[in-house]
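Labels run A, B and C following the written order; every chain starts at residue 1.
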Amino acid sequence: MSLIELDSATTGYGKSRAVEEVSFTIEQGEVLCVIGPNGAGKTTLIRAVSGSLPLWSGRLAFAGRDITGLGPEERAVCGVGLCPEGRRILSSLTVRENLLIGATALQRRCRGREGRRLVGEAFERVHELFPWLAARAAASGGTLSGGQQQMLAIARALMSNPALLLLDEPSLGLAPRIIDDVYALLAKLRGGGLTMIVVEEGTSHALNFADKAMVMHGGRVFLQGTVAAIRDDPRVAVPYLGEEAIIAGAPR
Amino acid sequence: MTNFVQFVLDALSVGSTYAMLALGLTLLFGVMGLVNFAYGALIIWCGYVVVVLAPLNLPFALVAVLVIAAATALSLLVGQFAFRPFKSAPPLTLMLTSFGVAMALQALAILLFGQATRVVPMPAVLGTVWHLGEVRLSVLQVVTIVAGAAVLAGLYGLLQRTTIGLQIRAVAEDAEIASQMGVRADRVLMWAFAASGVIAGIVALLWLAKTGTVSPGAFLAPTFKAFIAIVLGGLGSIRGAVVGGLVLGLFEASLATYLPDSMLSYQQAIAFGLVIAVLLVRPSGIAGRLVEVSK
Amino acid sequence: MIVLRWVVDRGLHRGALAGIVLGDMTFASIVGVAVVVYLGLAGGADTDLLLSFGITAILVVGLQTFVGNTGVVSFAPMAFMGVGAYAAAVVAIPPATKALVLPDLPVVLQDLALPLAPAMLIGGGAAAIVALLTGLVLMRLTGIAAGITSLGVLVIVNELIRNADAFTRGSRTIFGVPASADLPWVFGTLVAAMGLAALLKASSYGLRARAVRDDELAATTAGINPLTARLWPYLMFGFISGVAGALWAHHLTAFSPNSFFVAQTIPIIVMLVIGGTNSVAGALVGAILLTLWLELIRPIEAGALGIPALNGIALLSVGVGLIVLLRWRSSGALGAKEAQFLPRHASVPDPSDGGHSGQLAKEEEKVNE
């Protein structure tokens, strides 16, 4: 049984469709990267999976359970974690408080003393991955640099022990060296068995990192398959330096 | 020197009331963008609760507890049935909805208690005036200042030291992300209404002790003060609410002391004038973060 | 064929603009005629009520031009109405009475006794001046801050009226205004007001204001100054409200500053919401609906059909009704629709031109909510 299964999902904003008939399947421990030009519907897709945006039609199954009707807070409790576009760190909260909020889903899953113990463990885990977080625990979220915020956003998403981690453009606005660090971290997490969906506009890092890829365009799936297959496909020219994939025949 | 101390005490006690009102409003504004036109209505209903309980001759401590409980319950009721359905509505709709609530609460008061002004019996001890040298200090003033400090401390404790407080702050900043982390927005909303209600109950006791009466139309005065304080200090921040309330209190005390008698009738107008002036110079309020102004 | 139909507010073609203005004015005329017919049948007993209704409707239309086009709520209608009423009273009260009522008036005004029409214009003009002064200062603000400051305008104007004894008789009742506000004047003004409001809405001034309303940043980038964009609707709002005030003065003939405060403001706002904030025709519909409702409920409140008097039930019904309305149909009865006249030869064309895009299309989306 696959961990997550999206079936013919269609949704959008107001009257306009942003995502049309998109389907994918991801096994536990796999990484799917979603690439495509601006406006292809990638972020909308992430929001549909995370629960911010309800589906107009289609189904979403997670660990065998139909979660189509669940709101984002319920999906978080089920095990869906989100590292959103633009980081969205809560700047009025401290670093530690940001992490604590990230643990809300965990606290709801497991209350009382057991819950507090698990939260403590979560902090340890996260501090192991990002030692500097402990040092900056009392700093306000708004005072961190872009790269630090990205790390914090990932750490925050990890606090609730998600089975699936959604990452929306983790390299956005970051210097190349920082992007390398981020992806090194993600590789480490994957080594630990974490399933991920990564949305990126720039392709090289994402494709090097993922198992499967999905190319989107105009709200629809243009191409889907293993990373190797996508790379070899003549219809998609993937520039080496991380620019947008050029899809043959499709208007930019 | 004595005059100055007197002035500070007067300003502080009035300012504390306004600060508390502003705090109660800010909570709701923070979590759902609601400027509650009906906040004053909670206060008049507290007045009616005291009136209703009067014949029972209960000890005042018990009456106070019951009033605060009633205010909390009413706030929760109103929050659950009138405001929760509007959770993601634009601020204008929310404000208009709060009109409807204010009207309904006022109407219910008229239905049950009539239009006439009623006397609200409060313990006489509150009216006692101490004389510390040349300074006149009423018990009520002291209680008000202490209550203000207590409410502020309590709110601070709630927001900074509890899980629900953390969730309230998270939702106030970014409701979407908060729910993505597993926070249940509805629960946060109800806690905000409850806390707002508790504060309303406390302010009601102090306000009623000062005015001594209640009538259905009396909800406007505290609402106006709260609005002015919250906009003056800056919408959406605790600090702003406190600053706004205290500044308004300071301002009113100044007017009462230094304004020539002929101008006294202008008092409320001048208060509004102050707000406008401040907003023009500092659009986000004296201590606020939210900016609602065109460049 | 001349068709009166409800049209969605869209970006407009010049020809459609005229259609909408005429359509709304026709609607108002129809209402006026209905009122006259009703009075003819009912024997004139309700003249007072209907005059009152007519003037209230003008006020709602005035408020609509501001709130509908800028998306900012204002508590100021009664401020402008008050200014208009007092300004009109000062120029219209016959000198003999004036010497009694306003003995300290400057000589140049003492001898003045203008008929209704100029008095209305002066009332409107005075209110418009107040609108200009306050608008230059306040139109930078939106949202809650704007609401609070408009409340401030109401309070400040009220205070000033109370204290300008020489011109207003202070807090005491001013009297002696000739009772020249009759049905033709009131409903004629209503028709004119609706025409003006529709004209503003459909004109580029209205479009600019709504562009700022929908997306201030985008509008600014497109070169629109938010302050001036909001100012025009605000001036129209002031003017219309002032004219309504002048009519009110000539209807009541005696009034005091208490007649123009918060309590009177609420029904106006409620009427606007009921009819639809975005619609001029809606303003009239809202006024009709609430007035009818209150007339229906008044006897129940006073005690009828064996039910004892329930003082407060009218207010309760309006409060609850408002909440329910906002929940289930926050766009009001008419949403953003207007009445539109379609010329004979048209095969019911779509009034929006092909090729409108950007802000106008966005407006379409937004007002369809």
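One rule holds in what follows: a residue touches a chain if its C-beta (ideal position, glycine included) is under 8 Å from a C-beta of that chain, and two chains touch if they have at least 3 such contacts.
Computed from a predicted model, the values in this text were never measured in an experiment.
Novice: What chain sits nearest the middle when you go by CA atom centres?
Specialist: B
Novice: Among the chains, which one keeps its Cα centre farthest from the Cα centre of chain B?
Specialist: Measuring from the centre of chain B, the most distant chain centre belongs to A.
Novice: Roughly how far is chain A from chain B, centre to centre by C-alpha average, rounded to an integer in Å?
Specialist: 43
Novice: Could you please state the distance in Å, as a whole number, between where the Cα atoms of chain A are centred and where those of chain C are centred?
Specialist: Those two chain centres are 52 Å apart.
Novice: Starting from the mean Cα coordinates of chain B and chain C, work out the distance between those two points in Å.
Specialist: Distance between chain centres, rounded to whole Å: 32 Å.
Novice: Along chain B, where are the residues that touch chain A in the complex?
Specialist: Listed in rising order, the residues of chain B that touch chain A are 163, 166-167, 169-170, 172-174, 176-185.
Novice: Flag every residue of chain C that touches chain B in the complex, lowest number first.
Specialist: 71, 73, 137-149, 151-153, 155-156, 158-160, 162-163, 212, 216, 220, 226-227, 262-263, 266, 269-270, 273, 310-316, 318-323, 326-327, 330
Novice: Looking at the complex, which residues from chain A come into contact with chain B?
Specialist: 50-52, 71-73, 76-77, 82, 84, 88, 90-93, 97, 100-102, 104-108, 156, 160
Novice: Name, in rising order, each residue of chain B that touches chain C in their complex.
Specialist: By the definition above, chain B touches chain C via 29, 35, 82, 85-86, 89, 91-93, 95-97, 99-111, 114-115, 216-217, 220, 224, 227-228, 231, 235, 265-266, 268-269, 272-273, 275-276, 279-280, 283, 292-295.
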